[in-house]
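Scrolling down, you'll hit the structures one after another.
In the two complexes that follow, chain A is the common piece, with chain B as its partner first and chain C second.
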Partner chain A sequence: MIRKWMSLPLLLIVFFAFAIALTDYENLYVDTARIFYQTYGYLYTGSLNLVTAIYLDFRLLDTLFEAGILLVAVTGVSYIAQHDQVEHNPLFMLDKFKIPELFVSLARIIYPIVLLFGIYVVFNGHLAPGGGFQGGSILATALLILYYIDLKKKTNLQLIFTIEKVLYLLLISISMISFLTRGEWFTNFIPLESNLLLKSVFLIALNLIIGAKVALGLTAIFISFLKEGR
Partner chain B sequence: MEPLLSIAVILIGMYGLIASETIIKSVFSATMIESGVILLFLNLGALNGGVIPISDGVNLVIVDPIPQALMITTIVIGSTVTSLALILSIKVFHNNGSIHWKDITK
Partner chain C sequence: MNEWLGILLQVFLIITAIAVVMHQNHFTIIILMSVFSIIAATLYTINQAPDVAIAEVAINAAIIPLIYVIAISRQRELIVYDKLHHQQTKPNQKLEGDVYLYLQRFSQKHKLKLNFCHDLKVSDKVIFQDLNVDVLIDRDKRNDQFVLKGKSSNVLMKKMMKDLKANERVRFEMVEEGENLD
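Coming up: the complex of A and B.
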């Protein structure tokens, strides 16, 4: 059993490793890629938001594997959270007598606003700060507010998983169309010379799919935790 | 100065991993390490100052979008992996009756 004070030398070694690596911190950073993305990012992808341009066009393979990890993690959480006894709703955790009426009323007012804001963030992912992941998280928050409003709510987890798998297959197949039109894998399928507005169709479609996937995945994780906490 | 702060966050997380007595605290320490790494990357991308990376190619200085695109990936993966670890800890509690490392590794 390692004592706590024994960790001090280890932490010192790690600190000096970091300190040596970061002595030339100002010169460590090379801005060639930043200049490239700033110059050509909008022209190549049609996305004003360069972060969206990177994770939906230049580095789409990253996003695909990330969505895969999300799918695997959600499935794993639900598989581990499997339990024998049947519960109709998570009433045992959200006790109605402990939730103030004021909170429920305010949640009813806030719910559509949060939902609308999430959809706005997803749709404007290529023009403004935001995108599929951020908007999906906001949408998941909106869906979780529903559990405070309607305590008798039942959710079919299997349906959520089916939708999520279909969305993942859709994501992969949409990003593979580019092999037919452009001749290269995993990028925008609309030809490089076409209108910038036309190119953003691809970005909106992928942002929508990723937003739905993240929202459903986080909701499924939350429901699994609710059902596990018996 | 700022990289030292994020290294401090990373070191606190590592100390937490070593010294924590329950599974939950270990999971949170790992999350702290992840936060430190995110801070380090974002700071490295924003060294030259500049505005948010929303630009149509005109000459204005923006921060580097690459670390931000990588870190949004890290945040999503980190949250899902944390949830996986937490649900595993719940299962461990159901099986062993405790989440202390001492009781589990006996």
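Coming up: the complex of A and C.
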């Protein structure tokens, strides 16, 4: 344990180190990476959205670990929330939990629009702002609204976990195909010289998988919160 | 124009952050938090990061409030497990008997929703360990007493025990909670 007074000199040391590092201005702001991505990003990957170009092509390995973190988080939440009681009446807590009529009727109107918008964001991840994670979380919102409309809805949580794990394996295996075609790990598997439209097939496929995985993962977290301690 | 808008929004951001900390009502805090994240998303868009803005709106303004609403409405319930099974009441129906009347008054006093359940066939210890049942109602046939059981770690249960000490028809017992790993 660090005592309270010891944290003050520690903070001062960190502050001075930070200030010294800031004086080295010219080495801090190197824009070679920015110029590289701006000039070659679209040509190499076929993605107008440079963020997607980075996270699905240049730095795909980082994305794989990011998706893995979500998987670990969902597994941890489901482990903490689990209990092995047989649920005779699993809704005994929620039947008296009243939701305003206004919210329910508005949610019924909004639900299909949100669903459509989420799918749009996932599919257009390489052309416009958005992508798998953003679209997936919008889809998850739509699925959560469904639980507010109908609280007695039953879901098979185990099936959701299984689908999520299979999708993660699919993500890894699709991103490893590039070793056979290009001789490089974790990048686009369509050869570098081919058509830009053809290259976007890979981006759409990966965005779809990531979107489905994120949507299912966030929904699973919500459902295990809903079931926790019942 | 955009510069001034940015400064204005940053001021709003600080005001909302302070309001989140200072406010008392939980549901208002949830609304304030989603207002906070919408302002933040607008700032991201002004600073040319639309991808981050979409993620911010989808997660912090939509999913997290929905989860919080469920979590907070859970905390406002007094869950009573009725072992005697002769009361299948809904909260607005009239409750009969001393214990039921007392529980109703207690939950009104502390602004909780009373919630009865009666269809679990497990032992007492398991009920308190694995399910978040607050009070358990049983009957002692020899002394003709009602027996109420509650977790010793619950603050409300201590108040309930103090209330029920004078009553002869009701006995209150504390149940020790097993040491959990978490």
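Going forward, the second predicted complex is superposed on the first by the 189 of 230 C-alpha atoms of A that agree within 3 Å, B and C clash if a C-alpha of one lies under 4 Å from a C-alpha of the other, contacts with A are read in each partner's own complex, and residues count from 1 in each chain.
By our rule, a residue touches a chain if its C-beta (ideal position, glycine included) is under 8 Å from a C-beta of that chain, and two chains touch if they have at least 3 such contacts.
Please read these numbers as outputs of a predicted model, since none were measured by experiment.
Residue contacts after overlaying the shared chain place A:51 against chain B and chain C alike. In the superposed model, A:11 lies in contact with chain B only, and not with chain C.
Contacts of A:121 after superposition: chain C is touched, whereas chain B is not reached.
Of the two partner chains, chain C is the only one that A:144 touches; chain B does not reach it.
In the superposition on chain A, A:40 contacts chain B only, with no contact to chain C.
In the superposed model, A:179 makes contact with neither chain B nor chain C.
Once the two complexes are laid over each other on the shared chain, residue contacts for A:59 go to chain B alone; chain C is not touched. Once the two complexes are overlaid on the shared chain, A:226 sits against chain C while remaining clear of chain B.
For chain A, the partner that touches more of its residues is B, with chain B and chain C as the two candidates. When both complexes are aligned on chain A by C-alpha atoms, chain A residues 49, 51, 80, 129, 131, 133-134, 218, 221, 225, 229 touch chain B in the first and chain C in the second. Within the complex, the chain B residues that touch chain A are 3, 7, 10-11, 14-15, 18-19, 44-45, 47-48, 52-57, 62, 64-66, 68-70, 72-73, 75-77, 79-81, 83-84, 86-88, 90-91. On the chain A side of its complex with chain C, the touching residues are 49, 51, 80, 83-85, 88-89, 92-93, 96-97, 121, 129-131, 133-134, 137-138, 140-141, 144-145, 148, 218, 221-222, 225-226, 229-230. Per the touch definition, chain C reaches chain A in the complex via residues 50-51, 53-55, 58-59, 62-63, 66-67, 70-71, 73-74, 77, 79, 90-91, 113, 115, 117, 119-122, 126, 130-132, 182. Remark: chain A residues 2, 4, 7, 10-11, 14-15, 18-19, 22, 25-26, 28-29, 31, 33-34, 37-43, 48-51, 53-55, 59, 62-63, 66, 69-70, 73-74, 76-77, 80-81, 127-129, 131, 133-134, 214, 217-218, 221, 224-225, 228-229 touch chain B in the complex.
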